[in-house]
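Order of writing sets the labels: A, B, C and D. Residues in every chain begin at 1.
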Amino acid sequence: MADEPIRVTVWGEGRHEKRDANVLAHYPDGMHATIAAGIAEHAGPAVTVRCTTLDDPEQGLPDSLLADTDVLTWWGHIAHDEVSDDLVDRVQRAVLAGMGLIVLHSGHYSKIFKRLMGTSCALRWRNGDDRELVWTVDPAHPVAAGVPSPIEITNQEMYGEFFDIPAPDELVFVSSFTGGEVFRSGCAWRRGRGRIFYFSPGDQDYPVYHHPDVRRVIANAAVWAAPSATREPTPISYAPTDWFAKP
Amino acid sequence: MADEPIRVTVWGEGRHEKRDANVLAHYPDGMHATIAAGIAEHAGPAVTVRCTTLDDPEQGLPDSLLADTDVLTWWGHIAHDEVSDDLVDRVQRAVLAGMGLIVLHSGHYSKIFKRLMGTSCALRWRNGDDRELVWTVDPAHPVAAGVPSPIEITNQEMYGEFFDIPAPDELVFVSSFTGGEVFRSGCAWRRGRGRIFYFSPGDQDYPVYHHPDVRRVIANAAVWAAPSATREPTPISYAPTDWFAKP
Amino acid sequence: MADEPIRVTVWGEGRHEKRDANVLAHYPDGMHATIAAGIAEHAGPAVTVRCTTLDDPEQGLPDSLLADTDVLTWWGHIAHDEVSDDLVDRVQRAVLAGMGLIVLHSGHYSKIFKRLMGTSCALRWRNGDDRELVWTVDPAHPVAAGVPSPIEITNQEMYGEFFDIPAPDELVFVSSFTGGEVFRSGCAWRRGRGRIFYFSPGDQDYPVYHHPDVRRVIANAAVWAAPSATREPTPISYAPTDWFAKP
Amino acid sequence: MADEPIRVTVWGEGRHEKRDANVLAHYPDGMHATIAAGIAEHAGPAVTVRCTTLDDPEQGLPDSLLADTDVLTWWGHIAHDEVSDDLVDRVQRAVLAGMGLIVLHSGHYSKIFKRLMGTSCALRWRNGDDRELVWTVDPAHPVAAGVPSPIEITNQEMYGEFFDIPAPDELVFVSSFTGGEVFRSGCAWRRGRGRIFYFSPGDQDYPVYHHPDVRRVIANAAVWAAPSATREPTPISYAPTDWFAKP
């Protein structure tokens, strides 16, 4: 509906790439660059994509950039605690005002995801080089468009239930792993005026963000999460006296 | 809350037992008898349990029995089409008025389940002697009380997504299978004043209803689905003139 | 996402217009023509709109037209029982395969709505010339775009709770009436691959479908309900052997 | 199911009663005492009820009391900011581990409710001495048992939409007000292993907690929110190796 491209900002923690040769081998320009390239590749002219990282000024998200972002993607892992509470406040306000948020993999434990969910967001996990199969349980959902069911990810960390999240407003994907575990791997919520999507594939130890179907899902999610209207903060109070007309 | 025992009626199609030696070997008194015994065993004095089958008078559910039932369980497979539309009408009305309904395994394709869901209720399946693991995704749900996560069912038919149902009001169990498939195997809905639970384990070719955890879940579901009040048909129309007092 | 216009078909019962001078005065070309004009007015080139009625051949919906429809709107009242079960079957299949369906006002009691909901769809009502206020409870929902909260409808029939429907997947509007009653007046569901929206304003005795905000909502709903992919029937069975017996 | 009474703790802010003669006139022993008496009156031997307030040691909720509480009710208004973040952390953990939480009226803006919801929890309001009608939209819900639809509250503050909360898992009550506004006044959520109910009637300026139907709803909610099992913290991580590497 919008004629303007959706302004996507890919936020990356950017730390594994600085210390783990294995991660750097998969992602020489950083995981964020690969995620951004996947979105650009699949969403095409519908989006413009920028990258930013924790070690950039203002932890990568000055107010000016946040105000210029329609959809934010978030990947973090070993530095969740370094993200300032002030940034979490600002991102939360942006989401409630309409900005879309895509949380990826270990971002389940980020401050911003826990803030928006209200739960512990804990899960089971095992780094055991499992095969993950990502099954579509809502085949008409726009986020699932154009990918096979299942998506097969040959090498991946296992994430399993119980995943301590609010029941999703829309459950799109459920994964199984070699060990027999299952996981709600694609979950959508509406919070305030914003849309949130969590997608679990994507451990730093495996080249998951090069997988074409994974890229397609993230691009779909970015388009789906875009606000349909101008961002609007929720007012703190109202004076709706126009409807007050007692006899 | 109720002091009276919950009146559970176990409806069984009862046809496989008459023609398949394998089924009869697992269930010499009929699958329904085993299901009923499991409910009685686990729910104890909280319930009274009766069995009835398709080949009983009035297809097993005369009005008098339906009126005397708090929770109905339904297992059918090869004779769904024989169930009369009149019986489907009467069971639907009872559910909307407050009766609980537990639909088991191949009952997903029963007329009554399709009637209450409004969808095709189609699913993937394969009779390949899989191992099924039933994982709890809502650990505080009363239906999941007292069972391990996962429940392991050594030999079972595979049921897989996409399962064409309305998104459950409460998703309790998700299963995986040897082939890597996943399935929303424990789903709860509220319809009218009634509660509905679908639980997928239980093919006639395997002794699944002898499994203690499966029995426990069905017993839990029967207690959970019991109406909290006297059954009450939804009125067709109202005359709420007591609130009409325009100036 | 689609470049092709959305093909909207407005189905009208078309009977009140033939016998009630009051209705004909409000809707000289039929209620359906006014509904169609409102959709065309607000959705513009995003849609093409056609009308059809119960008294047209094949009750207005031959297979060829149904196959050529992305979104169907449905208004009926005094002739629900005349709609053939075969047509209900065909519309249900089309919705489950991806066609959008917008059910209006007294259409809550149509066969197709009851079929898709699985409940009685009963409600309270009073034809007492109330003022209806339609409040938005999900301000970022595309169906609520561009309308004030509340929409004020000066003269309208009262529809009140309890409305016997499955809990909506998305609740968008809640109305109040002069008598103090409330009603879930804008409700969305996903069923199979299709999207369903129920919008209650619109009694034949009042010129509600000339109200610009009501027209805007229906146009929004038509765009929202359009399938994002080619319509696809749910297969009855599968043979997913490709995922079986992998090492 | 539990044989032990449900241990209910009524937390009151207790400040209005110390400074507003009007509030003290309605609630000479504090609002919390009246709320507690209503729960005890309607839930009877199913509960034991204690009161505690913000000005008690450890803001009324030392760990020992929290550990001895099955269901906590929360009323606050003018001192939300004084509640320590540490207490909010501890109450959140208790809820996620299974404790029930009933949030009343202006408690919508409490730190603990905003923490668990993840949204702003803003709403419209007007202190205009409205009549509130509380309609039941889920008549079989245990929280609505035994109260008329609508409950009529003669004098009450207006709370109106948009109420910025996650879509409730179960919507039980919707209110209308003299001014024509509507409000989702009875909302249930599951978070972690805990159940949360928000019920909006109850401003300090009106004697709402003496209303027998309001008392009945709060007592129902306390029973409904009680955990069905021993409280269990969500583990931070797991080592589910028992399911790994099976053939």
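The rule is simple: a residue touches a chain if its C-beta (ideal position, glycine included) is under 8 Å from a C-beta of that chain, and two chains touch if they have at least 3 such contacts.
For clarity, every value in this text was computed on a predicted model and none was experimentally measured.
A.B. asks: Quickly list, by label, the chains bordering both subunit C and subunit D.
C.D. replies: In this structure, the chains that contact subunit D and also subunit C are A, B.
A.B. asks: By that same contact rule, can you tell me which chains touch subunit A and subunit B alike?
C.D. replies: Both subunit A and subunit B are touched by C, D, going by the contact rule given at the top.
A.B. asks: Starting from the Cα centroid of subunit A, hunt down the chain whose centroid lies farthest away.
C.D. replies: It is B.
A.B. asks: Express in whole angstrom the distance between the two chain centres, defined as the mean CA positions of subunit A and subunit D.
C.D. replies: 32
A.B. asks: Check each residue of subunit C and list the ones that touch at least two other chains.
C.D. replies: 133, 138-139, 150, 160, 162, 167, 169-170, 180-181, 190, 192, 243
A.B. asks: Subunit D touches which residues of subunit B in the complex?
C.D. replies: 1, 98, 133, 138-140, 142, 145, 150, 169-170, 190, 192-195, 223, 227-229, 232, 243
A.B. asks: Give the list of subunit A residues in touch with subunit B in this complex.
C.D. replies: It comes out as residues 131, 133, 135-139, 149-150, 160-163, 167, 170-171, 174-176, 180-182, 184, 247.
A.B. asks: Which stretch or stretches of subunit A touch subunit D in the complex?
C.D. replies: Answer in residue numbers: 92, 96, 115-120, 122, 124-126, 128, 158, 160, 162, 164, 166-167, 169, 178-181, 189-192, 234-241, 243-246.
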